[in-house]
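Across the two complexes that follow, chain A remains constant while its partner is chain B and subsequently chain C.
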Partner chain A sequence: MASTPRIVVVGGGSTGAGVARDLAMRGADVTLVEQGNLTHGTTGRMHGLLHSGGRYAVSDQKSARECIEENRVLRDIASHCVEMTGGMFVKRPEDSDSYFEEKLQGCADCDIPAEVISGERAREREPHLATDVDKAISVPDGAVDPFRLVVANAASAQEHGARIETHSKVTDLLVESGEIVGVEVEHGAKSGDRVHGVQSGRETIRADHVVNATGAWAGRIGDMADLDVAVRPSKGVMTIMNVRQVDTVINRCRPKGDADIIVPHETTAILGTTDEEVEDPEDYPEEQWEVDQMIETLSELVPMLADARSIRSFWGVRPLYEPPEVGSEDPTDITRDYFLLDHEERDGLPGMTTIVGGKFTTYRMMGEEIADHVVSKFGMDADCRTADVSLPGSEEFSVLRDYMDEFGLRSPIGRRSVERLGSRAEEVLGTGEPNPVLCNCEGVTRAEVRDAISQAGADLNGTRIRTRASMGNCQGGFCIHRLAGELHPEFDEATVRDSWDDLLQERWKGQRHALWGNQLQQAMINYALHATTQNRDHDPATQPVDFAAFDSGPGSDRRLGSDTVGEAADGD
Partner chain B sequence: MSDSADTPTEESFEPTEPNTGEEFEPVQVFPDEGTMDLRPGADSCTKCSTCDTNCPVAEVDDEFPGPKFQGPEQWRLKQTDDGDEFAIDDSIMDCSNCMRCDDACPSGVPLSQMHNEARGEYVDEQMSKLSTEYWRNRILANYRTSAWLASKVPRIANVAMNFGPARWVMEKTLGVTSEREFPAFATETFSEWWAAQGGAAGSRERARDARERRGEPLDADKKVAYFHGCYSEYNTPEVARALVRVYEHFGYEIVVPEQGCSGTPMFANGMLDDARRHAEVNVSSMADLVEEGYDAIASCTSCSLALRQEYPELFDIDGIEDVAENTFESIEYLRIHEDVRGALQDAEIEDELAEEFAYHAPCHARNQGLERQAVELFRDLDGVAVEDVGDSCSGISGTYGWKDEKYEKSMAIGEEMFDHMEDVESTTGMTECPTCSMQMEHGTGYDIRHPIELVAAALVE
Partner chain C sequence: MAIDSEVLVVGGGLAGVTSAVAAARAGADVRLVSYKQSSLRQASGLIDVLGYVGDEVVVDPYDAIPELHEDHPYRLVGVETVRDAMALFDETVDGYHGDHTETNALLPTHGGTVKPTARYPAGAAEGVASDDRDTLLVGFERLVDFDAPLAASHVEAAGAPFSADGVTITFPGDLQADAKVTRYAKLLDQNSPVAVDGQKVDTRTALAERVAPHLDGHERVGFPAVLGDDHTDAVRATLAEELGVAVFEVPMGPPSLPGLRLEDRLFEALDRSGARYEVGNPVVDYEGEDRIERVVVERNGSRVPYSADQYVLATGGLVSKGVESDREGVREPIFDCHVPHPEDRYDWFEDGVFDDHAFARFGVDVGSDLRPRAAGGSVEFENLRAAGATIGGYDFAAEKSGSGVSIATGYAAGRAATEDLT
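Here is the complex of A and B:
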């Protein structure tokens, strides 16, 4: 084929980013468009479990096999996004013995390394487990940071020539002579590293093929060309605990049910989840009782959860799909498998492929299958390399170093930072400039924030997902203004203020479901701080402020020298 | 609401409960033996930074990241990956363990427990056992051992320990500051004196005499086990002797059980194994006595704090909770059970103690809610005045101020206290803590007394 096929991928979640990377590596001309920031949809609202496959070993062995295969691939290509915590399926006295045996057999059938351990042994590994847990199956579950993984996929796609457009919503599909030939896009004000240099406005992007990787939103995109894609969105709640009560993934060993998993995630633990079908992926009730019930149920596995501090809760929407003829009543019965819908074959409308269903753990495999499908249409002869080439950040690196000597950082801060940055650590942290900690809860330094801003632009939520800044116990109460400060002077005052407000709102959204005990106290102190020091209990200053008229402060004549470098090294 | 609830009276005063981390039960999750998982303690932290603003070290040492970082932040960031543990930041060795952060925290974060565990782990895992710092700290922390040795030949020791060239060598090779004078060793230890007084049997007799004189039942349940600590044993037995006289005066029979160091200097230097060894001795002898109905009293506020707070936080020894719950500081205990203030109202001081005292409340006394006890106690005692010299830390914090690299900081912290002491008319100071008293003397040249000595002078002599 003479010219490079132009492909538009709609959706900046794990699937979209995975497809974009795959196609870009095979030489296609790829543009990815996403309505929010990367991971805005379901990917940013999951519990971060890297499946061993154990969860599906009884009910869905095909998915289980794919999971263990991809689990191994991701450990290799995405090492800086993955923490191999290990996992356990724990059995309480009231849970069925025969299911425990089925689970064990299922793991064996699917080649998932599994081992039975006694309750005592399980408690040695996880001392906070309930004393009456009688046995457990140990499996290679892990934790994965979905934000970092998607950002790394997008970065890799960019390295291979792709264009990534966040905050760019598809408003229509272009259909010409019975074929989909592109998308209409409306760019928002906060798009990041922009190629076309337009901060907002409409754009028509023509394409030889469109990949609809919008998950729970796939039906909406389909509607634009009168295609019926019957995604069955199903919501699930997740609650983030302030600290890790467990260091391995704890699953409850029973057939199915709500509130049966605890995933250690970075500094926190994430409790999950529920499964309830909803009409609209953007508008569904978020009920406090869902949170309360989940904490209560999971306390049966880890009793200390009942009184532990939760910092926020969020809901995610699974993009479940099943061929209409199956007709499952209960969303938990719907397969977790994925489906590739070629609209030419299915609906007689060429030019677009939709991918629905599937799981985060197998995102790369899904991407490979779509990319195979797409390149075959254009007669390209390019093999998939996404399973072999490490993602940016996951090249060989070691987290064991002398952070104070190397980067002037306190030990746990350096360690966290290097774990997040992976092989990019030297490049990001070795600036030689003063590098104070901006987010104390998560140990995020200015250098890391500036690096994230260089990718995410004015969108502080984009900086958040890249760095974890504002994701700790104060939920941004003590750092969002510092992050906003880093946007200036590259961005003007109005943009900075807007981004600052946005991130505060986003952090507040999740905390609304954690307002008791310690987190309520935190919200109160955040409010008091913001009201008294940032005028947040009054109307924002809508009149232009003449900042130049202010005196620049007593330290303004001090130049950066060795003294300030020394100060910065103390971490704050 | 009743009047009494509206107007706080001295009767309604209650010492604040030491924070013993009751919110959760820490358990061992990290691979090395004996380390507790204190991550859940970070749940109480709202980042308000009150601890940082109350930290005397952070105030003078710009490199020190402060208790919030050392405690809840570091613990929350900590974890184990593939059996490989996060290293503890070396700044933990710059914390003086004054424990003011415990008292400052409005949310009950177990700060000093977090610091102690982290420091113990740092020393165990990361500090070279061949380093000068390790041996210097170990020698300072095990003051009891040196003091025991010196007490065998007190006169020689007093000369040798302050012999200029020897101190120069100690500073150059060990990093023990030569600015300070070593405290003098008594020619007779408290234990020697106690044995000469007939020990527990003698005390029982004297207590019965006192009860008879006071018109109390002869078999009154008044018995205490005295934890004298190292300093009263070897350096200031006059404090311990005063305590014995005062308690016996009020009809208490005293026993002096087998005891080691309370562990305070060991906690501050991350020598948790040494501290545990001593704690086992102390808890074992105190627990038996507590079971027999004795209460434990200490004349050193750091000793009483160690037994009450640090023991149950750091160790799991049979009877440790009972000992913690039944331990008191000596003045505190008397004020709870006896009308000492009333007795002092009728007394008068005329001898060389008829002075104005510059009183400094030790940080560890603050943690037990005792910072006002001396001021309140002596308010109506004729012949003396007690002037509170403010709420700053004295700066020495046990071994901290003895370290060459910390000496200047220690003196900078003490600056405010020295200033206020100079404003007092006399040249006498008062405090409950032996090392605070060293610092007060070092900074001003004042003569420093323990409040129990003044009680003895007023009531017994």
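Here is the complex of A and C:
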């Protein structure tokens, strides 16, 4: 066996990126493969809550303790991804008093700082809370940007020598002599040439060990070697409002239930969620009643939500797992704990470990446990350092420095850029060139977009998750063409057009669930701009036109001969 | 006492102004009231009549109108009315080309495609794509809505019969990173001297000097549509003279100077027609049963009645809030006219961004007399007609028919209102 073990991590969500970083820091030779862009699966589809543990303080105290521990770690190592908003468990008159007391006791049991405040105090903090909220428990919940966190983990892994391959789908596990020895990968054509790695074609990546960190997709990877990994995917809806109706995480203080949390996230508030088991993590119904339920039930806590503007909704699929012998009927009864399945011990097939279950807030702890498990197999003597070493962007820096003047940015653009970039601000913004704003809704400048493109390549969705460009009120209506412009000329026109169309479609997907009132107006404005002004719906580059048949201008003798019938050329 | 007129037009966009001009020219005493800025500032300033029927590109809109479904506004008013309405536009609105033919022109867009349109501002005329002169597109480093090299590659990929190159330059003078398009226009309008290598040079000349090294045999130069606001012809003429080639503007998204210039031309036409108008106060209510007796305008917090014999509703569609919605349904907010729509909100849209969306056709239901109809088909008010995007049943964005429908239905509604005066 080689002195440096080669490890393939499958899955570019929080768990995969966390494992990759951990193993790379310990000196392993790591390749991470992800079928979409980073956070493509469940990680990019969560409510952005940094758990205090309060939500599990009654039902699952082990998870609650892990949450508060990791909550403290992430505030430290990922400060530029975390906003410590604080949180409250609020109680309405019809909610049980005894459960409120249990919650308080549970927080105490799990070492979660918790304080009871009156309804009046709670409304001083959050003026839009319902007037009949009796009282609340204040806890250290926060908001976390899952995209930024995963990108930072991947960047750190890369700094430690890892190879990151996005848009690269595992098509098979290599099994030789009763052992998993690697993966077959198909690289997607969308890949750029930087973090994205290989652009297209198939590749066999041999490994001393494979870590299956594909969450809700873990069963599919298992199937490739006839391993039965019975993940029970459970969907949940999240509805995004266009402003922050609250600046504090608002939880409803009652036993498990749908539509019981509001998370302030960047410029938005995210309402969540539901819990319903689905067969297929990629194909499940997204339904109107789920969105309506979020708005109607949560307006019991914050009444103004009933008539507020939503900009989109999205669904995530929890990778729930429980040992088959437990047999829970209801997905809400399945533990939120994680399980490490060593297929050698479990199935007699060495070479792969699967990690399933778990929560975003404890991704680092899960990564540590898997990495401990993997390095022990190779007799490596390396300690985990991920809890102590800050992520790129969260190294020492002060948001208070006057970055606005320094980089010629006006407030609030400068502040927001710096909050997103953290300690990388100077490196990214200090280009010395004019730095106009490209995304007005989220205040994203050209320098940030160019930096993101240098990491994400031609995939504008990758640039979106790194910068938040196109994630505000207009959902890209006014900025997607600007973002596309930044890809050129590094990428040719056809590639740019393709990526532009992909981002338009991706933005449309979530907006469909918010099409009434002001957001329907916005959708019509966007449609008019893209179809009427830009003619993107009938682009002659894909639907050729006969130029000679049309008007060649007033008083013109330049009318074209009929031999110039247009054909889509190959670009430049 | 109500403020009185024979015809009252509600809405100050293309449909409302056309309707008021048509009515005034037919002899009516006309008043137009509009609330906010019209959606023209978001429009390209091109006058599309009909660019696509389904996925088929349209060369001659008048030939293609009969292919539209029979409830399409063009079919309701009839093809001859569309011709007459366009003739009224040509006669009353200055600064547009395209009336020398019934054939559409293909105009480059800021996104790099070309699109079929029936009339185009003089500033865009040298840019028509059915012209084989090689083209240089020029973008400005800080003007993020137009990437000239990308647009040039795209227009070549679209099979245009000329070669296109793009260059990005720095606009002369001292501009902020986020300068608005109006700032560029103003600098060119004023033509103030700017410092270039220690010398003071007029802005237009300084711009031409920066473009000249890139000319390289190109026979025409396209700029983003910021070439002046009040003196756009002069700006273009100076640049063309200094560069020795034709100069044109590429229409852009909002805020769109060609759209704002069109608005100015329309209100000049409205002035000349003799119609009165006032901008800035909303119509909030009406009185009447089968007939509208008067509408209520909210002015400085008070409710002022306006009465007329005939009314034209031209408040626009979803974009302009002439049609509104909530989670339960879709409505026309002033007169509560019926807006047909699927009961299930999830039938309002399709899954692909450019699929055939029901919402794109939301608007009041009218018959060939342009009177809005209730759900059962009866006329809502005998003296109310609708015009422009307030009317439903057609997808202006996919068809590239927005301006033409506004002009045609505005014209028809204005004429019919005048004929009906008691």
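As a convention for this text, the second predicted complex is superposed on the first by the 527 of 572 C-alpha atoms of A that agree within 3 Å, B and C clash if a C-alpha of one lies under 4 Å from a C-alpha of the other, contacts with A are read in each partner's own complex, and residues count from 1 in each chain.
In this section, a contact is a pair of C-beta atoms (placed from the backbone, for glycine too) under 8 Å apart; a residue touches a chain by one contact, two chains touch by 3 or more.
Treat the numbers as computed from the prediction; the structure is a model and nothing was measured.
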After superposing on the shared chain, does chain C or chain B touch more chain A residues?
C
For A:139, decide between first (touching chain B), second (touching chain C), both and neither.
neither
Using the superposition on chain A described above, determine whether A:443 touches chain B (first), chain C (second), both, or neither.
first
Name the contact category of A:521: first (chain B only), second (chain C only), both, or neither.
both
By the touch definition at the top of the document, which applies to A:288: first (chain B), second (chain C), both, or neither?
second
Should A:533 be classified as contacting the first partner (chain B), the second (chain C), both, or neither?
second
Just chain B (first), just chain C (second), both, or neither: which does A:320 touch?
neither
Quick check for you: in the superposed arrangement, does A:473 touch first (chain B), second (chain C), both or neither?
first
Of the residues on chain A, which ones does chain B touch that chain C also touches?
307, 410, 478, 521, 525, 566-567, 569-572
What part of chain A is in contact with chain B in the complex they form?
83-84, 126-128, 242-245, 247, 264, 267, 304, 307-309, 399-400, 404, 410-413, 415-416, 419, 440-443, 472-474, 477-478, 518, 521-522, 525, 566-567, 569-572
Which residues of chain A touch chain C in their complex?
287-288, 292, 295, 307, 408, 410, 434-438, 446, 478, 481-482, 484-485, 488-489, 492-494, 496-497, 504-505, 507-509, 512, 515-517, 520-521, 523-525, 527-541, 543-556, 558-560, 564, 566-572
In their complex, what parts of chain B are in touch with chain A?
23-24, 27-29, 37, 39-40, 42-48, 62-65, 68-69, 73-74, 76-82, 84, 86-91, 107
With touch defined as at the start, can you tell me which chain C residues reach chain A in the complex?
42-44, 48, 51-52, 55, 57, 59, 97-98, 100-101, 103-106, 109-116, 125-126, 128-133, 141-142, 144-145, 147, 149-150, 152-154, 156-161, 177-178, 251-254, 256, 317-319, 321, 324-327, 344-346, 348-349, 351-354, 357, 359-360, 396-398, 400, 402
